[in-house]
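Take a look at the structures below.
In what comes next, chain A is part of two complexes: it sits with chain B in the first one and with chain C in the second one.
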Partner chain A sequence: MEKFFNRKVTVTLKYIVVAFTSALLLMLIMSSFAKREYAISGFLTIGLIAIAVTYLTNYSIPMKFFLPGMFFLFAFVVGPILYTVAMSTFHYETGNYISKPDAISRILATGVRPDPNQTTFDIIIGEDSSKNLEILASDPTNKVYFLSTASTKTDLDPATVAVDGNGDATIAPGFHALTPDQQTALDQQIATTRFVYSSAFFITIEGSNVASLKSQTLKYNSSNDTFVNVQTGAVYKDNGVGNYANLTNKTDFLQPGWRAPIWFSNYAKLFTDPQIRKPLIQVFIWTMVFATLTVLTQFALGLLVAMIMNRKLFGRRIYRSIFILPYAMPSIMSILIWGGMFDTEFGAINHLFGSHVPWFQNAFYARAAVIIVNLWLGFPYFYLITSGALQAIPAELSEAAAIDGASNRQIFRKITLPLLLQVVSPLLVASFAFNFNNFNIIYLLTGGGPTNTLGGAVAGSTDILISYTYKIAFGAGTQNLGLASAISVVIFFIIASISLYGIRRSRVLDSFK
Partner chain B sequence: MIQSKFGKVAALTLTAGLMSGFVSAPVHAASKTIIVWADETRGPHLQQVIAAKGDWVPGYTIKIVPFSSFAALDTAFGNATALTGPDIVVGANDWVPTGAKEGKLAPVTLSSSVRAQFTANNFFDLSYKGVLYGVPLDVNNVAMIYNSKLTSKPGTFAQMVNFYLANKTADKLTAGLCVAGGGMSWGAESVLSALGGAPYIMSASGAVDPSSDPLPAATVAANVSKYLLAKNGKSNGFFPATDTGCKTAFLAGTVPYAIIGNWEWQDYANAGFDMNLMPVPGILHGQNGAAFASVSGALLTVYAAAHGVDQGAKSLLNNFFGSAAGAVAYQNVELRPPANKKAQKDASVTAAQKGFGKAGAVAGVPQIGAILNGAPGGKAFWDLLPAFWTDVLVNGKSPLTSAQAMDTFFKANVAAGIPQL
Partner chain C sequence: MKRWLKEDLWRHAVALVISFFVLFPIYLVFLSALSPTGSLQVTSFIPKSISFRNFHLLFTSPAIPYLDWMKNSIVIAGTIAVLSVVIGAASAFAFSRLRFKGKKQGLQLLLLVQMFPAILSLSAVYVIMERVYSFAPRIGLGTEPGLLLVYLGGAMGVNIWLLKGFVDSIPIELDEAAKVDGASAVQTYWLIFVPLAAPVLAVVSLLSFIGTFNEFILARLFLVDQHSRTIAVGLQGFISGQYATNWGPFAAGSIIASIPLVAIFLSLQRYIISGLTAGSVKG
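Then we have the complex of A and B:
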């Protein structure tokens, strides 16, 4: 065995692992570069170079251990944070997703209208004698036939064309039909060619045998970066926030728009726009209450169970296993089961108590349900933690206090709890931070509701900041990713501040100094 | 030493990199393939149809990509880019305004023969600001089914309520009428309509009438009080404010009337129920509650042009999705009512498909996303109607106050939506 893992074998294995990791990165670099994701491509390239330098030289031994962790830290923590911060400074919502050049080309594409009669022609796609793309168009009802290229139109005498059973022309002088395979090869050219019809209209191809009559209603002037509607004369100019807006009516703008930098406008909106500020304050208060109540109830119940289980009890091992079950079950499943049990009409809880409590329709009950379910999910964690911590507290302390005449309550308040809190404080802070962003419980149990929709409320009664942010980003008809990013950044700072404060207060990092 | 290390590793890296490059080469680069995205039912069924006959567009290969759910498809399309997106997506009609605003959908002009196969409402559903973005595929609607083992065909809303109140104890009924398909907004729209309200009023010419009050609050409130509430102002149990458990309860025989979606009628047929389909009856004889009869569409994306298959994708829309032959072949496996008029009359279309089609024809209204999705800063119909049911039937709020509040939002939505049509 020792021989097998001699230096030669391990070095070869190392080369193979490094080579395959590099190959994977190389593939991702090429793929992301092809998709014009230059930032990702650049990051992966740095990673590739770092791997080569670290593992193929002896430049830094510690780096050989740190590099994988640092790579993933940057890829999945630092990168998303930076991206979120960057996006919070953009006008980035439904209708403003793409780049400005893409938006211009889309506006030009949708700025084409069929003629009022929605005229279509049966066509055959082919070439003229000079190999130019040409269509043989038929209007069998009126017996009108013509050939058209990107620059010419030739009307045909019906007597000179051969027609099929539907009256569509099949053969015309000088016209050579393309085979399906030839058409397939020329798809892009066929799709983008505008065939001549008249001064007002042109023809575009809408399939292998259909073409329609169209006119350009919006024209782009690159010299002054404006669009003009040739039918109404309206001029649309870049409004600086990602849209071409009508100069005489700012609310009339062309779509799509583009992702434009608006710097701190999204942050300013959080404080200045009453439609955002008011629900945000309500949601923030409930988030604090929810996180605090969750931690307190989970800790209290966990501690209570731990203290009971700390005594000699018949069947203690069985009880312990049962108490850990909620923690062992996937929380998503538990939440969905609880959701069904709380259903007003058909739920087990109302059925059991013979009640008709509108658990998810009434704000108070919905909040209570959220706390109850979260208590069920979280107390085993604190039960486990506090069980361990209780056993670590020397029994002599309690015994000495008892000899001095302290009651059980006094022993708990003055000795057990302070010692326990010293140990579990960092975990309480971590649990608070986790529950502050506990998206699953809210999204799966109540969906943030109930919402006083008819009263004009935007946020639901059980929405916490993260679920509210999700609604803004993805939940509604209009998705505002820029604003959601700004709220995410604010949440990040709140959590970071609370955690830092908690950690400093608990002096948990003192031992690392 | 270093040189040799680099040499060995570089050789291995390049070999592995090239191999992985070949494996991960994009599908569009390999052939002229038209990529169609569809949900978990339409996708496999389209695959089946295309596998049986794949030459709808000569010179192109058609690849159907099914998703695990409609929501997954929606999310994927939301994240699609020019390099990852489909050429055609089979989606809901209310994707059109968003897709058009985002520049993801491309305009379509259909041949006159294809246009003749659909109604103006069908095209209205798939248009944004007067531009058409796809081909109507199947009709999405709900209809009311009644359990003929418990009751007979009702003529009015009152007959249903009276039956429930008279028999709820004897028959152990858990509700009278409930929504099994379409949710408390889309599915329950026909109940609101039966009681005198609507998110918008269509004029005789088929356009939205901006001058009509969509929700006459006093009328709706009076009807809600009369038919859905008991004397104490609480729900009389006839119409629950939630759709949870409705399907199970109907199948168990504890609910006599249910609103079901046309995508799941087989579940009821398989459970032995006759397809007693009808619109929700109105307050007066001969009146019906209108239900949304929207169409799903095969929508052309801008990615088709980026992939170099724009012409092929347009041909697929005309030759397959827009043709009667394509619609019949597809609906024979998908079993929804086809939007194509010629396909609707085909002998192979089932009675249930025709039953839903008939209910839609009698009491169908177009589903206009530009209005229903809500005015900027306002509220979407999808949120308002469930909130109305909850406020009135669960929280005991005044039907009149709630109806007035909803009407205000409806009016704002109509005003904001009409300029986008």
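Then we have the complex of A and C:
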């Protein structure tokens, strides 16, 4: 052991690890900087400097222990939390996903229309002498021939142009046609380039040998940040929440919008927009009911089992092994298995009772199923906890009470239960907080359903806050990351206050002093 | 005899009812896994014939890359179990034994961060990893190393907290003796603390393994390709929405996936339970 920890070996080893990590980080810093991810490259740079200072000097001994853990904690926990808080102040949803400059260029790209005569040209795609993308366009009916690039147009004299059987020009001075392979390589550029035609019109390529005449209908005026539709004369102005809106008709938006800072509007919506408030209140109530019922039923059954087993009983070891089985099994598997058992048509539960209960189609039954399954999953935890706590209660107390003439029920209510609650109440609070956010059981068992999708509802009868938030952020319809983030922050405050209450009671914080 | 009736009979009755409740789903999984039809429908609770068709299907059907899923789960959970404890133990040691400015604030931050459920910052993790993908496609969104990085971050909070609880219970006199003999903090850590805490570290890494094995939502977001999925995501995708058709192989698959975990849990339950009371709630 001491040989292994020989100073020379460890120091060399340390330098190798530090050098390797630094090299890796440096590589990431350079590539992220090249892709303009400045926030990420900034974070990595700080990490790199911290590594150098911490492990190459003796500036701070505790940092030598903290740095790796802190790096991951900040990168993947603290960072995303801050990002979530930031996102909650943005109008950030489907249709408002990109940055404002991107949105402007998208609007410009789509705000075009073909010219009234629907003019098309036969073209050959090629390059001019300085390797710029160029087309050789022909209109054989009108005998019009010209070359055009993104910046210049050169008319060709129809008398001198060499034409093929269709009347299309085949060669022109300085023009080199591209092979199909070369065209494929320039795919993106070919699709987006606008070739010069006249001051009002430009040409875009429609296929490998066809191009059409277009004009810009939406024009951007950067001096006052507005779009004008030259066809209708409508003016679109930045409405402050991430869209260009028609000045005379506020509901007429240009698509797409961008993610715009709207400060506390997402939070305000939670309380003022009835379409959000109503399902949110329903979901919140069910979340509280679900977490409370879960903790109560799990605790009650766990305690019952612990009390039954709290004396010499034939086969106690076997019972004990059976009772902790649900706890030992991977919970995902158990939930999925229960999901199959509750199936209305073929499920084992309806078969066992000879019933035909529509477990997942009816709100009440679906909620009952969720509670039953969660009871199965969680009561062993409380059985283990309470049986430990019961054994810690001195037998003298209940014996003394019995001598004084107390009944079993009185002993339980006046002595056992209060002493027990003193020990397990922080764990009850912790369990409440855990179940408040028990995403897996809802998502895997009912998916939050049954949901009245015909009524356009996103929230289902068994959705708890966290699964509802997940649906808002990643659901099938509109994905609203801004709103979901706002709800997340609210949930965080609820959980934090519940947990702080639990911590106060358990006095964990005392040890900080 | 009368006393036995009064005291024990009802206990056995209740215990048997609860045992039935506990064992019913487990019995059913075995029943389905061993049934020759492989359908969800139960025709009889007593098996009429036994067949290993479902198990056979699991390992031979090209539509079910079961071995890949199992391998992915074990590799991912195993890596996290080792790395998160290696990294977490150092921080826990510092929190427990070293004196420094900002210790209280650090612990409070750790506690606060833990209260922000991982799923809530899911969209942020998604966007960040999407950006990472743009410059480092090997560790970004949709890759196994990317998932490992995110898991490592997530495991930090819980593990440091849990480990600190354990470290606090190791007598400080040993460290002090080492210090008197002239050992530095780093030497104390490697020569005194790590050997002493080895069993505890093993338990925490085991809890970490179970937790990662059970993780579903991040894995589903990250691992899209059929062959790169974990067992949880694979089996879920396999029966989602169509319980009826794939039930038999699913049952067989979940039995095989559960056996190692149940075996570990039952054999080490004494240690794991001491971890439970220290504040972890298994998911």
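Methods note: the second predicted complex is superposed on the first by the 388 of 513 C-alpha atoms of A that agree within 3 Å, B and C clash if a C-alpha of one lies under 4 Å from a C-alpha of the other, contacts with A are read in each partner's own complex, and residues count from 1 in each chain.
We take it that contacts are C-beta pairs under 8 Å (C-beta built on N, C-alpha and C of every residue); 3 or more make two chains touch, one makes a residue touch a chain.
Here the structure is a predicted model, which is why all the values come from computation and not from measurement.
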**OP:** Figure out whether A:Val210 sits in contact with chain B (first) or chain C (second), or with both, or with neither.
**Re:** first
Original post:
After superposition on the shared chain, which partner residues are touched by A:Tyr470: those of chain B (first), chain C (second), both, or neither?
Top reply: second
Subject >> Winner by number of chain A residues touched, once chain B and chain C are compared >> reply: C
Original post:
Is A:Asn362 touching the first partner chain B, the second partner chain C, both, or neither of them?
Top reply: first
Original post:
Now for A:Arg106: first (chain B), second (chain C), both, or neither, which partner does it touch?
Top reply: first
Original post:
When the two structures are overlaid on chain A, which partner does A:Ser31 contact: first (chain B), second (chain C), both, or neither?
Top reply: both
Original post:
In the superposed arrangement, does A:Gly354 touch chain B (first), chain C (second), both or neither?
Top reply: neither
**OP:** Look at A:Ile324 in the shared chain and tell me whether it touches chain B only, chain C only, both, or neither; answer first, second, both or neither.
**Re:** second
**OP:** Kindly classify A:Pro116 by the partners it touches after superposition: chain B alone (first), chain C alone (second), both, or neither?
**Re:** neither
Subject >> Touching partner for A:Ala23 - first (chain B), second (chain C), both, neither >> reply: first
**OP:** List the residues of chain A that touch chain B in one complex and chain C in the other.
**Re:** 31, 34-35, 340, 343, 345-346, 474
Subject >> Contact footprint of chain C on chain A as seen in their complex >> reply: 1, 5, 28, 31-32, 34-35, 37, 40, 60-62, 64-66, 68-70, 72-73, 75-81, 83-84, 87, 301, 304-305, 308-309, 311, 313-314, 319, 321-334, 336-341, 343, 345-348, 351-352, 376, 381, 384-385, 388, 427, 430-431, 433-434, 437-440, 443-444, 466, 469-470, 473-474, 481, 484-485, 488, 491-492, 495-496, 499, 503, 509, 511-513
**OP:** Can you check the complex and tell me which residues of chain A touch chain B?
**Re:** 15-16, 18-20, 22-24, 26-27, 30-31, 34-35, 52, 56-57, 94-95, 97-98, 102-103, 106, 109-110, 112-114, 118, 120, 122, 179-181, 183-185, 187-188, 190-192, 204-210, 212, 214, 255-256, 275, 340, 343-346, 358, 361-362, 450-456, 474, 476-479
Subject >> Complex contacts: residues of chain C adjacent to chain A >> reply: 7-8, 11-12, 14-15, 18-19, 21-26, 28-29, 39-42, 45, 87-88, 90-91, 93-94, 98, 100, 103-104, 106-113, 115-125, 127-128, 131-132, 134-136, 149-150, 152-154, 156-157, 160, 168, 184-187, 189-191, 210, 213-214, 216-217, 232, 235-236, 239, 243-244, 247, 250-251, 254, 257-258, 261-262, 265-266, 269, 273, 276-277, 279, 281-283
Original post:
Which residues of chain B touch chain A in the complex?
Top reply: 2, 5-6, 8-9, 12-17, 19-21, 24, 32, 57-60, 78, 81, 83, 98, 100-103, 106-112, 115, 130-131, 174-175, 240-242, 244-245, 248-249, 302, 305, 308-312, 314-315, 317-319, 373-374, 376-377, 379-380, 383-384, 386-388, 390-391, 394-395, 402, 405-406, 409
